[in-house]
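Have a look at these structures, which come just after this line.
Below are two complexes that have subunit A in common, paired first with subunit B and then with subunit C.
The block that comes next holds the complex of A and B.
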């Protein structure tokens, strides 16, 4: 079970979600992806999309206006 | 992986205006408070580019900026935040359980402030193009990506029209699909007049979405259907924004909380649900007006009610319905004359019969929470308690030392 990081700092919608989808497709079940974002818009679509796919999602607020979205691939 | 268990006084589900305000009140009352938000703190207000009518901001405020201030204030009062989604809840009993992916949170009080989620059209192809593929619910998020493009807004309420106008600052053309006859819109009059005068906005009246079309990558066009003539209008667009209302986020509460047919939580004016210790606030409730300003009011009531509920449950548990000597609970009201006239009866009991019976006075003037927990009738009245249970009620005419002592099973010496 590998852990991957995806740096989307400074990137606005819909780029972070597009990158996340692409990266998740390359990963195996059980792998974890940590996406770094600092645009609040990405907080609205990345977790929503990932949960809709059935993945486990948790978010850490690293700093004011900066987050780590942690996605565990479940299928 | 083993689940962690964490204890809190209050767990608030939802980090919008209602949940944050409840958090501010609970935190300030020094309750150990956790707020769980599934993604971005701030809720629906963060989807709004401009909030013009929230008092205290004469120049208006951005939704995200306003909510960031709420967030900061809640943090200042020590509210903990957890950004994850709630999987399930067990609301019955004294200890409520709120379950997330990794942790079970145990709480004395749960405040449901889970708000709503955007309603979808249900039209063909919708699932394929959500979020980054062309169907959006957030103009502030996706406006910049649509600079010089053509977008479609579906809906004619305040959100649709105000966000549509915001989009004209970026997009080259904003087409608006309105279900009603020409000139009829659901939004307020000011927005309507401004929108009709906006040269970048174009209206397709009497239409609803029939189908979303595109390729594997992205949405390319939206087929609108004229509800009167049945005519299909293929409308090429880069992005489609849906503003056709919201549905309450209440799936996980079904079967535990009383909901309306539409799924909204039923609450009374104290924001109490049918379940003791569970309160609800904001857009998730059945209510007349859904605004930041009304969510704030709900949140304040729910936060205050949570504090009262916890304090009063403790009194009931540790001072009234507990073992020890027989007890008489005098339910009275400090501003009621009849209530005050009976006080000497209880003073005499304390002086003369302290070994036989303990006196507890409950003043209902400020809060009748304890009286309600004990199912007491209107003040003044007295409840006799033995071995942790109410064994007898005395109405105001029945209140005297003899009735109390015999009711408590004490030998009156008569």
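The block that comes next holds the complex of A and C.
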């Protein structure tokens, strides 16, 4: 039940998504990953990818134009 | 980085709609963990109101000079707003199928193409049927090797830069500073391209065939053909995602 953070601030699409995919692959089921992003495109494709993979996803806008995507690995 | 110990509670599930498969068992369904409180966000609405007001004033000034200018100002503003809010991205439409297998943006672009196909045909046919010159005919340019090279360079560039032309402009406005650099080199690249354009034109472009579909298939045939191709691509996009991600939503 560990929580990991992934800092993708300043990274343009698709780098955040690819980093997230990599990080998720090495996590255990039940772990949570918090991805920090400020590229609006990643705000769309990371949650979409994660939901289609079947993970639980929440998005939080922590500042104007800055988001945290919280992903719980479910499988 | 394990700052969580608020699991146990099985009450108040706030999970996402797709949440909790059997693997989750009895644990809490909210995935949010305790975190430090944040500084409050600045309210941007007053600034937004001022910007809208400013845009209206500028629009009125422009329209008083030339109605075209005012119209372009208005459509440009609306286009940018929709682009930003919808997170519409031509780059993603070509890139995501390869990277993650998701084709939702690809299909959005295909739908946009289908709509514009119908609307532009209406405009062009309207002009042609009244015997007027067909608007936009100067954009019917030859297909040649230059098209292939240009498309390839543009594709590589837009994926590295994180946005195509419209996407870059939109994110410049959003304040994504890396893309200010993109814009700078976008301009540099355009200038280099413009300087070399004569060579491409002389050697490749003038030899290519220029095709205006209605000339070959008639107006109705051209629309049907184009919509058919778009429909096939749409179907292909769905199958691609099904294969890559196991879902075709």
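The rule is short, and it goes like this: the second predicted complex is superposed on the first by the 75 of 75 C-alpha atoms of A that agree within 3 Å, B and C clash if a C-alpha of one lies under 4 Å from a C-alpha of the other, contacts with A are read in each partner's own complex, and residues count from 1 in each chain.
The working rule: a contact is a pair of C-beta atoms (placed from the backbone, for glycine too) under 8 Å apart; a residue touches a chain by one contact, two chains touch by 3 or more.
Just so it is clear, the model here is predicted, and its values are computed rather than measured.
Asks: Once the structures are superposed on A, label A:3 by its partner contacts, choosing first (subunit B), second (subunit C), both or neither.
Replies: Second partner only, subunit C.
Asks: Counting residues of subunit A in contact, which comes out ahead: subunit B or subunit C?
Replies: C
Asks: With the touch criterion stated at the top, can you tell me which subunit A residues are shared between the subunit B interface and the subunit C interface?
Replies: 12-14, 17-18, 21, 40-41, 43-45, 48-49, 51-52, 56-58, 61
Asks: Given the complex with subunit C, which residues does subunit A contribute to the contact?
Replies: 1-5, 10, 12-14, 17-18, 21, 29-30, 32, 38-41, 43-45, 48-49, 51-54, 56-58, 61-65, 70-72, 74-75
Asks: Could you please specify the touching residues of subunit B with respect to subunit A in the complex?
Replies: Those residues of subunit B that touch subunit A are 38-40, 42, 46-47, 64, 81, 83-85, 101-102, 130-132, 138, 140-142, 144-145.
Asks: Enumerate the contact residues on subunit A facing subunit B in the complex.
Replies: Its residues touching subunit B are 12-14, 17-18, 21, 40-41, 43-45, 47-49, 51-52, 56-61, 67.
Asks: Can you check the complex and tell me which residues of subunit C touch subunit A?
Replies: 1-4, 7, 15-16, 18-21, 23-24, 27, 29, 31-33, 38-39, 41-42, 44, 84, 87, 89, 91-92, 95-96, 99-100, 102, 104-105, 159, 161-163, 167, 171, 174-179, 245-247, 249
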